[in-house]
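Handing you a structure now.
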Amino acid sequence: MDKPLTECALKLLDEEYTLDDYKGLVPRWCTGCGDNAILAAVQRLCRDEQLPPEKTVFVSGIGCSSRFPHYMHTYGFHGLHGRAMPVAEGIKMRRPDLNVFVITGDGDCCSIGTAHWIHAIRYNMNITVLMHDNGIYGLTKNQASPTSPLGITSRTTPGGTYLEPINPVSVSLGIRNVSFVAQAVDWIPEMLHDIIAEAFHHKGFSFVRILQRCPEFLDHRFDDWVQEPDWMLLLHHENGVRISPDLAKIYRNQEQHDPSDRNRAREIASTNHPMPVGVLYRDPGMPCYEDLRKPDRLYTPDIVKAAIEEEFDKFTIHPTGHPTG
Amino acid sequence: MDKPLTECALKLLDEEYTLDDYKGLVPRWCTGCGDNAILAAVQRLCRDEQLPPEKTVFVSGIGCSSRFPHYMHTYGFHGLHGRAMPVAEGIKMRRPDLNVFVITGDGDCCSIGTAHWIHAIRYNMNITVLMHDNGIYGLTKNQASPTSPLGITSRTTPGGTYLEPINPVSVSLGIRNVSFVAQAVDWIPEMLHDIIAEAFHHKGFSFVRILQRCPEFLDHRFDDWVQEPDWMLLLHHENGVRISPDLAKIYRNQEQHDPSDRNRAREIASTNHPMPVGVLYRDPGMPCYEDLRKPDRLYTPDIVKAAIEEEFDKFTIHPTGHPTG
Amino acid sequence: MSTQALKKEHAKKQARRPAAKKAKGPSRPDKSRRGQSGPEDTPVVTMKEHIIEIVSDSGEGAQRCGQAFGAIAARMGNGVWTAEIIPAEIQPPARSAAGASGNRIRVASHRVTNWGDEDDLIVAFNEQVLLSRLEEGELRPGCIVLLEDKWRTDNDPEIVAAFTETVERLLVDDCRVYEIPMETECLKYVPDPRRGKNMFVLGLLCGIYSLDLDIAREQIAFAFAKKDQAIIDNNILLLEAGHDWAETNLDIKFRIPPSDVSKPQIVVNGNIALGLGVMASGMEVCAMYPITPATSASHYLSEVFQNVGGVVHQAEDEIAACAFAIGSSYAGKCAVTITSGPGFALKQETIGLAVMTEIPLVVVNVQRGGPSTGLPTKVEQGDLLFACFGGHGDNPKVVMAPSDIEDCFYSMITARKIAEAFNMVVVVLSDASLASSQQPFPRPNVSEDWLAPPVDQSAVPEGAMPYDWDSRTGLARRFIPGQPNGMHCLTGLAHDRRSRVAYDPDINQEGILHRSRKLAAFQKTLKAPDVFGGDEGDLLIVGWGGTRGAIEEAIERLRADGHKVSSLHLTFLQPMPPGIKEVLERFDRVMTVESNWSDAADDDIIDEDNRRYSELAWLLRARYLVDIDCWSEVRGQPIKPGAIVRAIRERLQRKGS
Amino acid sequence: MSTQALKKEHAKKQARRPAAKKAKGPSRPDKSRRGQSGPEDTPVVTMKEHIIEIVSDSGEGAQRCGQAFGAIAARMGNGVWTAEIIPAEIQPPARSAAGASGNRIRVASHRVTNWGDEDDLIVAFNEQVLLSRLEEGELRPGCIVLLEDKWRTDNDPEIVAAFTETVERLLVDDCRVYEIPMETECLKYVPDPRRGKNMFVLGLLCGIYSLDLDIAREQIAFAFAKKDQAIIDNNILLLEAGHDWAETNLDIKFRIPPSDVSKPQIVVNGNIALGLGVMASGMEVCAMYPITPATSASHYLSEVFQNVGGVVHQAEDEIAACAFAIGSSYAGKCAVTITSGPGFALKQETIGLAVMTEIPLVVVNVQRGGPSTGLPTKVEQGDLLFACFGGHGDNPKVVMAPSDIEDCFYSMITARKIAEAFNMVVVVLSDASLASSQQPFPRPNVSEDWLAPPVDQSAVPEGAMPYDWDSRTGLARRFIPGQPNGMHCLTGLAHDRRSRVAYDPDINQEGILHRSRKLAAFQKTLKAPDVFGGDEGDLLIVGWGGTRGAIEEAIERLRADGHKVSSLHLTFLQPMPPGIKEVLERFDRVMTVESNWSDAADDDIIDEDNRRYSELAWLLRARYLVDIDCWSEVRGQPIKPGAIVRAIRERLQRKGS
C-alpha cells in the first residue's frame, strides 16, 4: 500500500498526459466495430482526468472486446473468459490507490461470467465496468449470446435463436446493492464519453452497458436505432448526464430521469423501443466492500510480529518438563 | 422417449399412492429444521397429484437441503454444489415425461449456482424449483450466504456480515423470460403446500423461494415473522393461491395480487417487512425451451440411417480411380 | 449474361492479355525449371507429390480455393491432405503477417497422412502474407512462388518498396517467382476482383497440375450449391480464365498421377467427422459452450443434428454444458459434451461426478495450445496427463485419441459404446490439426449397430440394487428414471450398493475398487496395437493422436535409408492395451514423439532428477519401467515428418556413437 | 454458589454415592487388570503410552473433553496426538452410530506422531456410539470401557435391551467394562447433566491417568476463557468430582511419565497451524469458498487475520476465490486460496492463468475423500497426480505436502517465499487428518524474514521487459501496477517478452521453456531428504504428506524386530529433490504407502499391463524407472502404524519366500 505520492505529484506538475500517452498497440478490431468508439471515449476520459498510466489498470476477460487493455498504455490484465470481475476485485481490495476498469463482453459478462457479475454488483467495489454488448460472440466467430435478439441466426443457431434475450440493465437493477447502472451506445460518442465519465466518478461499482455494433457478425442489429434518432430516448438529469444542444437537436426523444428513482429506472430499462441512453440508476450512499474491509491502520512488521506472538500465546503450553519417573 | 404408458395406467387403476409411497430414508435434519416442513408439503403434493414415483425426479445440489432427494422414494439425483439446475435441464430436455423438481439452498442457488439459476430462468423449462433459503450455509456449519441478513455473525464473518443480502425474488423478476416466482415460509405449512402446488401446475420454470428456519446456525432469524403474524403479507388471487378462512384469521395482512402484474410484483418483493407470501408472478404464455427444441417426430433407426446417408452424400466424392499414367 | 455469353467475352479478352511472364529465379540447367521454353510447349513433369499453399488476407477466399483444389485432386483419385492456415486475428489489417489465411494442400499419387514438410509451390495474394510463411520456414528452397503483381505498381511507394524487397529476398532464398496479374485478369470478368480472385487462382492451379476441368466445374457447383446459379457460373468462368492463363503463360506444368482409389470417399475435416460420428453413434444430446477449435463440430451439428432427432444445447458455460450432458445421459441415452482445454479444465469437477455415479458420458477435448488461453487456434497435444489424472480422488476413465480424420468419425461410435457398456466417462482427445484438416476416407457403411438402443424403461427386478457391482468386472445395471422399482437416490457422495450415502471405510473401499475394476475389465477387451515398420530394431518411436501420419512417414523415409526404426501408435492411452511391454523390449531404444513440452536432456540445468518428460513418455516410463526418451515440439503446428526424421537421425547418432 | 461452597456441597454428596463398581470382564492373573484390590489402594501402573477415546452423541461435548485431556497431558510434558472423530451428519439422531463424535488422544512418554492403532481405553456416553467404534475395529482386545450406566435403567425396554446386549458383546470381545453413573453423579452438581458430563469424564480421566489437577484447572480456565467465571467454576467442580469418583471407585490407575520436553509448545490442529502460517508468511489476502475440511483454516483466519492487516474474502465460488487471489497477488503481495478437492477441481483453469502469467500464488488443498463429493470429512491423499498434472497444456508448478502439524505452519512461509521468488504457483497438499489433529510443536521464534517485503513501487528501468526471462533460470522481474514505466498488458495468451500476444512458434516455445526452467532452477535449491532407519536394506518405504508419523512408527517397530526396513518421506513432490534415485538403489525393494487407491497386484483381473498404482508410486516409477510397489488404503481414516507393519510383513514374506 506504499504510494510514491511524491512521484505522482511531480509528474502532475511537470507535464500533462496527452491522448497519445494512453495509446497502446494499434487496435485490431474490424472496420466499423463499435469497440473503436469505446476505446476512443476511454482514452479521452483518461486524458481529461489525467489518470497516471501506472496507476490505472484495465482488466478484461476473453472476447474481441477484451483485447481492449492491449490497446491502452496503462497496466492491463487480459485474463480468462468470464473472470475479469473477481480479478479486478482482488486488485482493488488491496490497492484502492489504483483506478480499476473492467472491460467485458456480453458473453463474458452475461453468460459464463454471470455469477461474478451479479456478485460484483453486490460487493459494490469502486470499479468501472464497461460491458461491450454486441449481442453475439465475436471472437469465437458468431455464436448466440444471452443478449442476442430472438430469432437471429448464428453458427449455433442456424435456424434462429430460441429465447428472448436477457436485459443486463434490468438484471442489474434487481440486485439490492446495485449502485450505478447506465446504458450507452457506441454511435453517440459524446454521450458515450459523458456516461463513462459519470461511471468513473461514481464511487462504487458502476456498470455501463454499451450497445456495440459488430458489423462482422451481427451487422444491422442496431440499424433502426442508428438511422432513426427517434428510436432513442436520451436520459438527462443534473445528477446524470446533460445533453448538449447539438445532440438535443438530433435526438428529440428525451426524458428528465432522476437516477435515484429505481422503480422508474426499471420501467425505462424494460424496453428498447425507445432505447434509453443515460444514467439509469445511481446510489452514491451504498458502501464499498473495500472500505468495509480495509485495514484500519498501517501494519508495520513490528505490529505484525506482535500480533503473531499474541496468537502464539493463545496456543502455547509450558510443559512441566523432564521425566519424573 | 419410450413411455410404457400402459404400465402407469395400470398402476393408477389398481391402487392409489399413499403418503408412505413417497417416503424414502428417515430425514436427518436437525430438530426444528424448516426442511422437514418442506418435505412434508412435497410428499403431500406428490400424493395429491398421484405422481408415479418412477416418473418423478428430485435433483439437488449439495447442502443440508440438498439431502432432500434421499428422503423421497422417487428417483433422486444428489449432484454437485451449485449444479442442480443444468442437470435438471439435461433430464427434462429429453424426458419431458418426467416430473422434474430441483431442491437447492441459498448458497447452492444464489452463490456458486448463480449463473445456472439466472440462465435456468431464461430457458424456462418445465421444472419446479424449491429454494430452501435459511440465509446461512448449514451443511458446512455456519458461514454467511448471499441471503444472510446484514450484520449476522458466522464462522467467516465473526464480526458480522458486511453486505446487504440479495433478494432472490427481485433478482428473478429482473430476468426477461421469468415465468413463475413465488415466496413461501416453512412455518405456514398450508400456504407452503398450496404455493408448491401452484408452482408444480405452472408449465414453465417455477421458482419458489422458501424461507426456512435453521435453528442450528441461524436461530431466531425469522422469529419476528413467526411470532408476529402482522409482519406477514399474504398474497391471494384467483390466479394465485387462496387463503383459507382459518389462516385469514391469523394473518390479517393480505393483498389481492394479480400475478400477471410484474411491476407490482417487484414492489411487493422489494421489502420483507411485511414479508410477502404467495405467488408473485406468473406468465403462463412463456414458451418452454424443451418444447422449442423437441424432436419433431419419432426418429426410428431407419430415419436416422437415412439422415446419416444424406449427410454422407454431401461430403462424398467418387474418385475417378486407377492410375492413368 | 449466360455462361455461354460469358465464355465468348472471355475468349475475346484473351486476345488482349499481356505477354506471358517467366519465372524470375536462379537459372538452372533443368529446362522446365528455368522456363526457357515457350509456355505453349511446356512439357508436363510427372511428380509423386507436391505441397501447395494458397495464402491471402483473411476474407479473400484462399481457404475456399485451397479446399476446392484439394477436393478436385481427391476426386481425381489423388491422395490428399489439406490443412488450414488460420489468421491470428478476426479481421487483421490487410497485407499483414498476422493476417495470413489460407490452405496447404498436399497432393500425391499415394495416400497422404499429414501436411508434409515445406511448400513446393505457393500462391500469395500479397507479399506480406507470403513473407510470414517464408519467415516461418514454410518454403522449401526452390519453391515456386505465384504472386499477385498489382502491388508492384501500387500508388503507395511504401507498398511498392515492400513488394520489390520481398521479391528480391525470395530470389536470394532460391525461390522461383512468377508475378501474376491476378487482379488485372479478374477485372476482365468481374467488377470486384476480391470476390473471385480465388477462383482464378484455382484455375491457375488446375492448369499447372493438369487437373480435369470438368471435375473442377463439378466441385464448384457442389461447393456453392447453396448459392445462386449466377455465382456458380461466374466462378466457373474465372476458373476457366485462370486455367487458360496458366496454359498460355506459364512454363510450369505438373502431373501427379492418381492412386488406385476408386471407392467413394468422404472429404471432411476432423471436426465435421466428429459431428458425423456423433450422429452415427446414436447420441442425441450435445451440450457445449463455444470454444476454439472445438466449436466448428458443434456448428456442424447445430445444422443437422435435428435430422436424427438430436439437439445441440449451447449452455451458459462449460460446467453447465457438462452437467446438462450428465443429466441427459442419466435420464436416457449417453450424451456428449465437446470442448477444448480451458473448458476441459472447468469440467473437471463435473466429470468426476459422472465417474463417481457411473453415468456414461463422452467428453471430447479438441486440444489447442496451452497453458491458459494459450494459442487458441494452434496445435498441441498438451492435455494427455490432465485427461488421465484429472479430478480429485480416484477418477478412472477411458482416454482415447483419434489419429486421423477417419478415426475422428469412428471414435465417437466407439466412445459411446464403451461409455454405455461400462457406465464410464470416455475422454476423446482430438486436436486443432485434426479439427481443421481434410483427408478423404472411405465412405462408411452405416450400421444400425452403431446406434444406441432405445431408452430402457423395463421394470427393475424386485430387490435389485443400483450399484450391484459384479465382483469380477465392476459392472452393474444402470437404473434409468421411468423404470418401475428402480427408485433410488444417486449421489456423488460415497455410497453403498443401494446408492445410500455411506462413510463406512469398507464401503468406500468397495466402491472405489469396483469403479477401478471396470477399467481393468475394459482393458482386457483391447488388442495389442500393430508395430509400423519392423518388429524389432534399434529404435522404436511411440506416438498418439494426430501425429500418426507424420511419424509413420518419417519411419518410412528412415527405413528406406536402411535405419532399423519402427513406430507404435496408441489409440487407447488409459487403459493401455496389452502387449506393449513386449514391443518395447524388442527395440534397443524407445522414444516418444509428441506435440507437447519436454525439457531437452542436454540442457545445462536439466538432469535425470528434474527433467520434465513428454506426456506419453511419462505414462510409458511409469508403467513399463523402460528408459523412454522423448522428442517434442510446442510450435503450435503439426509436427513435420522431416523434423521427426532429423530428430531421429540426431538421436541415432548421439547414442550410437 | 462460590467454588468453595460448591466444593463443600460436593464433599457432602460424596458420602451418599453408590458403592464402587468393578470392571466386568474376563478374569486375568494380573492383579490390576482384574481389579481385585479395593479402589483406595489401587496401585499405579506405569505405561509408556496409552490410546484413549471419548465418544458421545454429537453435542454432548466429548470433543471438548478429549481436547482438554490432550492439552493437560501435553502441559505435563507428555507426547500427545489428538484426532477428531467426526459424525457423518450435522445433527444425527441421539444414540446412533452415525452420530459418534469425539476424540482420540494418544498420550506417551515420547513424542507422538500419529493416532496409533486401537484404543486402550474408551469412554462412551451411550452404548450405540461405542458400538460404532467397536464395529470399526477401533477397540483392541482387552480394552477398558467406561460406559454411562443410565441406559441400563432406562424406561424404554428397547434401550435397556440394546444396552445389555452391547455390554455382553463387549465382554465376549474381551473388553473390561466399567459402568459409570455419570449422569447420576453429575446431577449432584448441575441441573442439566448433558452440559457438564464431559467435564466429569475429564476428571475421571485425570484420576485414572494421574494427571495434575492444578494443570487441569488451568486448562479449563484457559479453554473457557471467553465464558463466565461461573461456568468455569462449575466445570472445575465437575472435574474434581470426576477425579474423586475415579480415585474412590475405580481399580485402575496409570501413569505415563512425561518426556523431557520443557520448551514452550504450541497446541493446535493442522488447519489452525496453516492459518498461523499464513499470518506469519506475510500474505495478506486469503480468498476462499467454504468447503470441508478446509474451511476451519479460514474460520480461524476470519477471526484474527485483521490483526496483521489481512483479509479473508469469502467469494461467490471457488473460481472467483482463485481469481480474486490472483488479482490481489498481481497487484501486490502473494495471496493464498484455500480449498479442498472439489474446489481444487474448479480452480484448475484459474490456476493455469497464474502459471501462464507467472503470478505468484499459494493454493492450499486440504484433501478429503474422493472422487466427487466423496467423503467430505474423511482422510485421503488422492489429489497428488491431479496437483502435478492438473491444467491443460504445460503447467509447471511446485507441489509440496506438510507431514505433520508443525509442517502445516512452516509450509505457508516456505510456499509464499517460493511463489514470490520464482513467480510461480505453489500447491500445498494437506489432508483431513492433519486438518483436525493436534500435536504440540515448539513455539516458533517469529522472524521478520518470514514476512513478505512491502509492495515494490519503484520505477521500472527504461526498456526493461515484463518477461525478460533469464536464460538459465527462467526468472524475470515482476512488474506491479503502480511501478512507473512498467505499463504492459498481462495476458493468458501466448506472449513474448513484452507480454504481447504472439502466435509465433519460436516465441511459444520460448515462453514454455522458461516457465518450465524455473522448476528446474528451483529444484537445484533442494536438498536430498534423509532416510529414516538404516541407509540400506531389504525394503524402503516411501511416503508423503500426513502419513509420515505412522510410517516411521511402523519402521521403528519392524527394525526393533530386526527387519532391514527404512523409510523416506517427501515434502516436495514436484519437483523432487536430488538424491532420491541413489537412495532407492540402496534397497532391494521399494514400496510406497499411501492413502489413495491402488489395484492389488494379486487381484485376478489385475496384471502389470493394467494395474493402477498409487500416486507417488506412479511418479517415482516414471522418474526413476525403479519397480516400485505400493500398498494403500482408502478407508477414510489415517493409516494406522499397525496396518503398515502388517502390510510390510506380508510383503517381506511374499517376496522373500
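Labels A, B, C and D are assigned to the chains in the order they are written; within every chain, residues are numbered from 1.
Operating definition for what follows: contacts are C-beta pairs under 8 Å (C-beta built on N, C-alpha and C of every residue); 3 or more make two chains touch, one makes a residue touch a chain.
Values in this document were obtained by computation on a predicted structure and should not be read as measured data.
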Original post:
Which of the two pairs, B-C or B-D, is linked by more C-beta contacts?
Top reply: B-C
Original post:
Which of these pairs, A-D, B-C or B-D, matches A-C in more than half of the residue pairs in contact?
Top reply: B-D
**OP:** With chain centres taken as the means of their Cα atoms, state the distance from subunit A to subunit B in Å.
**Re:** 32
Original post:
How many Å are there between the centre of subunit C and the centre of subunit D, using C-alpha atoms for each centre?
Top reply: 48
**OP:** Find the geometric centre of each of subunit B and subunit C from their Cα atoms only, then give the gap between the two centres in Å, rounded to an integer.
**Re:** 44
Original post:
Distance-wise, how many Å sit between the C-alpha centres of subunit B and subunit D, to the nearest whole number?
Top reply: 39
**OP:** Could you check subunit D for residues that touch two or more other chains and list them?
**Re:** 98, 316-317, 319, 342, 349, 353, 372-373, 491-493, 501
Subject >> Interface hub residues of subunit A, defined as touching at least two other chains >> reply: 62, 80, 111-112, 114-115, 118-119, 146, 293
Original post:
What part of subunit B is in contact with subunit D in the complex they form?
Top reply: 28-31, 33, 62, 64, 80-82, 107, 111-112, 114, 137-141, 143-144, 146, 155-158, 216
Subject >> In the complex, subunit D residues that touch subunit B >> reply: 89-93, 98, 288-292, 295, 298-299, 302-303, 312, 314, 316-318, 342, 372-373
Subject >> Touch list for subunit B against partner subunit A, complex >> reply: 111-115, 118-119, 122-124, 146, 162-167, 170-177, 263, 266-267, 289, 292-293
Original post:
What part of subunit B is in contact with subunit C in the complex they form?
Top reply: 1-4, 7, 11, 24-25, 53-55, 57-59, 62, 69-70, 72-80, 83, 85-95, 97-98, 115-116, 118-119, 293, 295-299, 301, 303-305, 307-312, 315-325
**OP:** Quick one: which bits of subunit C touch subunit D in the complex? Just the residue numbers, please.
**Re:** 88, 98, 136, 319, 340-342, 344-346, 348-349, 352-353, 355-357, 365, 367, 369-378, 380, 382-383, 385-386, 388-396, 472-473, 491-494, 501, 503-506, 508-509, 512, 516-517, 519-521, 523-524, 575-581, 596-597, 599, 603-606, 608-613, 618-619, 621-623, 625-627, 633-637
